[in-house]
Amino acid sequence: MKKIFTLIVNVILIFILVACTNGEDSGKIKINFWHMSPVGSPSYSPMRRIINNYNNSQDKVLVTGTGFSFWDYWDKIGIAISSKTTPSLGLSTIDDVEARASGKVLFNLTELIDNDTSDNNIDLDEFRDSQLEFATYNDNLYAMPFSATARALYYNLDIIEEKGFSEEDLPTTWSELKTFAKNFDEVDSQGRITRIGFDPTYGNATYHGWLWQTGLDFFDEDKNPTLNTPKHAEVLDWIKDFNSEFSRNQLKTFGEGNELLGINPFASERVVMIVDDDGLNQKIVDANASFNYGVTTIPIPDEDGVNVNWGSGFSIEMYDNGKRNEEHKLAAFDFLKYLMSKEVQIELAIANGWLMSHISAMEEYTEDKPILKALLKEVDNARDKIYIPYAPSWHGNDWQPFYNAFLDGEKTAVKTLEDARAYYLRKKSNYEATH
Amino acid sequence: MIIKEELKRPWWNKRRKDNLKKGIIHLVLIITSFIFVFPFLWMLFTALKTPQELLMGSDSFFPKNPMWSNFSTAVKSIPFLLYLKNSIVIVSLVMLGTIFSATLSAYAFAKLKWRGRDKWFIVLLATLMIPLQIILIPSYIMYAQIGWLGTILPMVVPAFFGGGAAFYIFMLRQFFMNIPKDLSESALIDGANHFQIFWHIMLPLTKPAIVTVALFVFMATWNDYFGPLIFLTDPEKWTLALGLRSFQTQFGGRYDLMMAASILIMLPTLIIFFSAQKTFIEGISFTGIKG
Amino acid sequence: MAKKTTLTSLKKQEGIMGYLFASPWILGIILFGAFPFLASLYISFTSYDMIQAPRFIGFANYRILFTNDDIFWLSLGNTLYHVLIAVPLGMVVGILLALLLNNKVKGMSIYRTLFYLPNVVSIVALSLLWLWLFQPSFGIINEVLSPIYKLFKLEPLGWYSDKSLSKFTLILMGLWTSGGSMIIYLAQMQDIPTSLYESAEIDGAGFLKKTIYITLPLMTPSIFFNFIMGLIGGFQVFTLAYIVTNGGPGRSTYYYAYYLYDQMMTDRNMGMASAMAWILLVIILVITLFALKLNKYVVYLGEEN
């Protein structure tokens, strides 16, 4: 009898313990975090570890992370915002924080930071103004910059040295770039290009990237389209005439022949210098490249050139779906502080292959990695594209048809800019008619 | 005399003519089928290349050292068996629901006269004319309101109510309409009710068509990544088609693994297609009578 | 008297039965379809950026589309071009393929599977492949055609990078998936009674006569079905242009559905996108209704034996 009695008591005790642990578990505040490292991707395990470390380091908050592939992520977060089923925290793009902030779907971070008295509060000095500016709306911060990209000039060191040059000979101005690049062009017996020194349309170079280096842009402070100065047209002509000894068809074929099926022109050593972002470095590393390469500042115009490149980045935001209580908000903020801390920013960089936004974290992280270090230097000069409500893709969908028509020789630079400007103005008036 | 007649017979006789015809047909078939097979061959070769070959390019169509290991790597990279299970569950339910609701509705449109039938038919066709993306957000909000988000219900339940089945209902309707009136009329006179006619006459006569619908539904649901992406928040419930997307990263991703996984995921459809051919080829006909 | 009552009650019963059989689908439309469908109509009269709630603006979206938007008309034109060429061409190719495979040749199942293969392969894989094949300078297709180019002293065709050829190139690429309609035609043809062919042969009919007078007429139900579905699908053409040409060159492959997609995803203008969707729906519906009326004159159904 005694034995049975003890057994029953033990079983009941165990049940109580289990119930208690469950109870403890359910006492935790549950928040969820959406990111871009789905199950099966290379960054899945490291991201999971980062989240688990947070969960194990304290017992008040339980974070569940869900990753979606980069291409699907935007559908997911978009529909979540529309239907008010957003996660507690998620990634987004930093350049259009304004749209979501004015739509009242984001929590005010300035409030949270100002009211926080802990010693692991977010240190805003560790983040660049150029990025914080984009995340600010009505003088309040509504997102934190998560990653920071930049565009730089990649160069194939092996081929450059083969031709008798060294890194000291690397061009720093547009005209130097042109003369230097011509040293490397190669054509086969049938006149087809087999190697090119540089082309301003390859890689991740853009018209607005070149334009910014002259101090100009597509829009003025009032978000009206400019595109109406001679300098705008000069830049276009410079881009088109860079490799004018070849026909546009030849250049396109050479470019396409590389991009198809994922072959990268720089990684396959067909282009000696190329403008690209930090993603290219990751691609080359992933594919075990066998050649020596480096990264330097993109050359600027000979006169009155501005050292600036197009850099963007992801943001991390706390979503307000109208049903969060104060407790939940503070829990999410606590996790945000964790993600924004120096050590975790380094871990995130390693996990995703991104350059994160935390300045000293990245300085430490890239100390022994020369290429990343050079890229990081370019982030200091990086600038994001401004958000135009009536033309969110002003540099992409809207501009590309005009740009391509120009490059194909269908219109002059001046006409192209005129037509593009008229197009933006019309979009603006249509937008105003419906808003 | 007979021998002389034999010698007089022309070289171009009927048997030779038939063989020549068959030969030409074979030739045309082989050339045309090569054109159609080419994409699959290319997928296979991409699956066998190394990331280096893909990124650096090797100017060749054929992989240098076929990486058959890519197939096993692909399977190990994602929770293949889990996703397989989920795919099977969802696909089976959707197939069941679609066949159930599509056959019933097709019969109603084809063989029964009821008020407003033709107007409802126009509504049926209209549902095919609106892009999915436009109704996605309101649908999503609707499911959010009734609490079905995160479950497989939004993907499975509408199938039992003809959701996404307009194409099949239209197709089956054509089939049912081709079955002569006499069959059902005589059954009616014999005292049968419509359910009996449906079950004992209509369905058996159109079994091949139904098998066809089953195959098409299988293919569409098996390969659908968008539905699971939007409605399945819990990665434990993801399907193969959605899991495949993880191979594509921001930086291009592992196309070699992705092709390998795609080929594996394609296999069930091909196997089912090949073996079910006899049934549904005979089936997708609009005349229910033979000879 | 007794017979009359049976007939009327049968008719009544049929009326109720009709609704009963169609009830799952009708319920589905009411429960799952009505709200999203009608919501999208409402949204077309609003300004909706998918972040804040839709704001009613009346007919503004429609007015802008019809009077102040070049691209609306451009994209509509592109889509109309596609429908006018792709639908008939697709039907012809499907029928031809079916005729080809309707012979008692050994290994028919294998050939059929091979022809159906592109429909099973992922569209992304297919698109990448076509980009490669049709590449003007080093794609296989131009390589194979180069003797012809040399003979007629022509410039190699630009295919998808040539403004005037791009839409047609995409249509050619689309023909690769003709296996789908081919299967439907095939099945139809397998069921044509061989006795008809035999008696025709006795009367001295050749292949061409047999096809024109027996095969094709008896195939009209499936031809008609594929025609309607081809129309509906053709007006919504999008995927290939999205993956292969990005709507270019020079917006030559910028279809209506592509513009709609951009309005929604890029410009965040859901109201405008919904208006575009409903305009398209009306266009397709009107044309389809017109085509349905033709049904009576064009289709031979076994029922009317």
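Per-chain numbering from 1; labels A, B and C assigned in written order.
Operating definition for what follows: contacts are C-beta pairs under 8 Å (C-beta built on N, C-alpha and C of every residue); 3 or more make two chains touch, one makes a residue touch a chain.
From a predicted model like this one, the values you see are computed outputs, not experimental measurements.
Asks: Based on the touch definition given at the start, go ahead and assign the chain network to line, ring, star, complete or other.
Replies: Graph shape here is complete: every pair of chains touches.
Asks: I want to compare two interfaces, A-B and B-C. Which one has more contacting C-beta pairs?
Replies: Pair with the higher count of C-beta contacts: B-C.
Asks: Report the inter-centroid distance (CA atoms only) between chain A and chain B in whole Å.
Replies: Inter-chain centre distance comes to 39 Å.
Asks: Between chain B and chain C, tell me the centre distance in angstrom, where each centre is the average of that chain's C-alpha atoms.
Replies: Chain centres of chain B and chain C, defined by C-alpha means, are spaced 16 Å apart.
Asks: Please list all residues of chain B that touch 2 or more other chains.
Replies: Residues 46, 136-137 of chain B touch two or more partner chains.
Asks: Got the chain A residues that touch at least 2 other chains?
Replies: In chain A, residues 82, 261 touch at least two other chains, as defined above.
Asks: Got the chain C residues that touch at least 2 other chains?
Replies: Residues 50, 132, 265 of chain C each touch two or more of the other chains.
Asks: Provide the residue numbers of chain A that touch chain B in the complex, in ascending order.
Replies: Listed in rising order, the residues of chain A that touch chain B are 36, 38-42, 44, 66-72, 75-76, 79, 82-85, 258, 261-264, 267-269, 279, 282-284, 286-289, 353.
Asks: Hey, which residues of chain B end up touching chain A in the complex?
Replies: Per the stated touch rule, the residues are 46, 51-52, 54-57, 77-79, 136-137, 140-141, 144, 149, 225, 229-230, 233-235, 238, 243, 245-252, 255.
Asks: For chain B, which residues count as touching chain C in their complex?
Replies: 22, 25-26, 28-29, 32-33, 35-40, 42-43, 46, 100-102, 104-105, 107-109, 112-115, 117, 120, 122-131, 133-139, 142, 157-158, 160-163, 165, 167, 169-171, 174, 177-181, 188, 193-194, 198, 208, 212, 219, 223, 259, 262, 266, 269-270, 273-274, 277-278, 280-291
Asks: Quick one: in the complex, what on chain C touches chain B?
Replies: 10-11, 13-22, 24-29, 31-33, 35-37, 39-40, 43, 50, 97, 100-101, 103, 105, 109, 111-122, 125-126, 129, 132-133, 176, 179, 183-184, 186-188, 190-195, 218, 221-222, 225, 228-229, 232, 235-236, 257, 260-261, 264-265, 270, 273-274, 277-278, 280-281, 284-285, 288-289, 301-303, 305
Asks: Of all residues in chain C, which touch chain A in the complex?
Replies: It comes out as residues 47, 49-52, 57, 60-61, 64, 68-69, 128, 131-132, 135-138, 161, 246-251, 254, 262, 265-269, 271-272.
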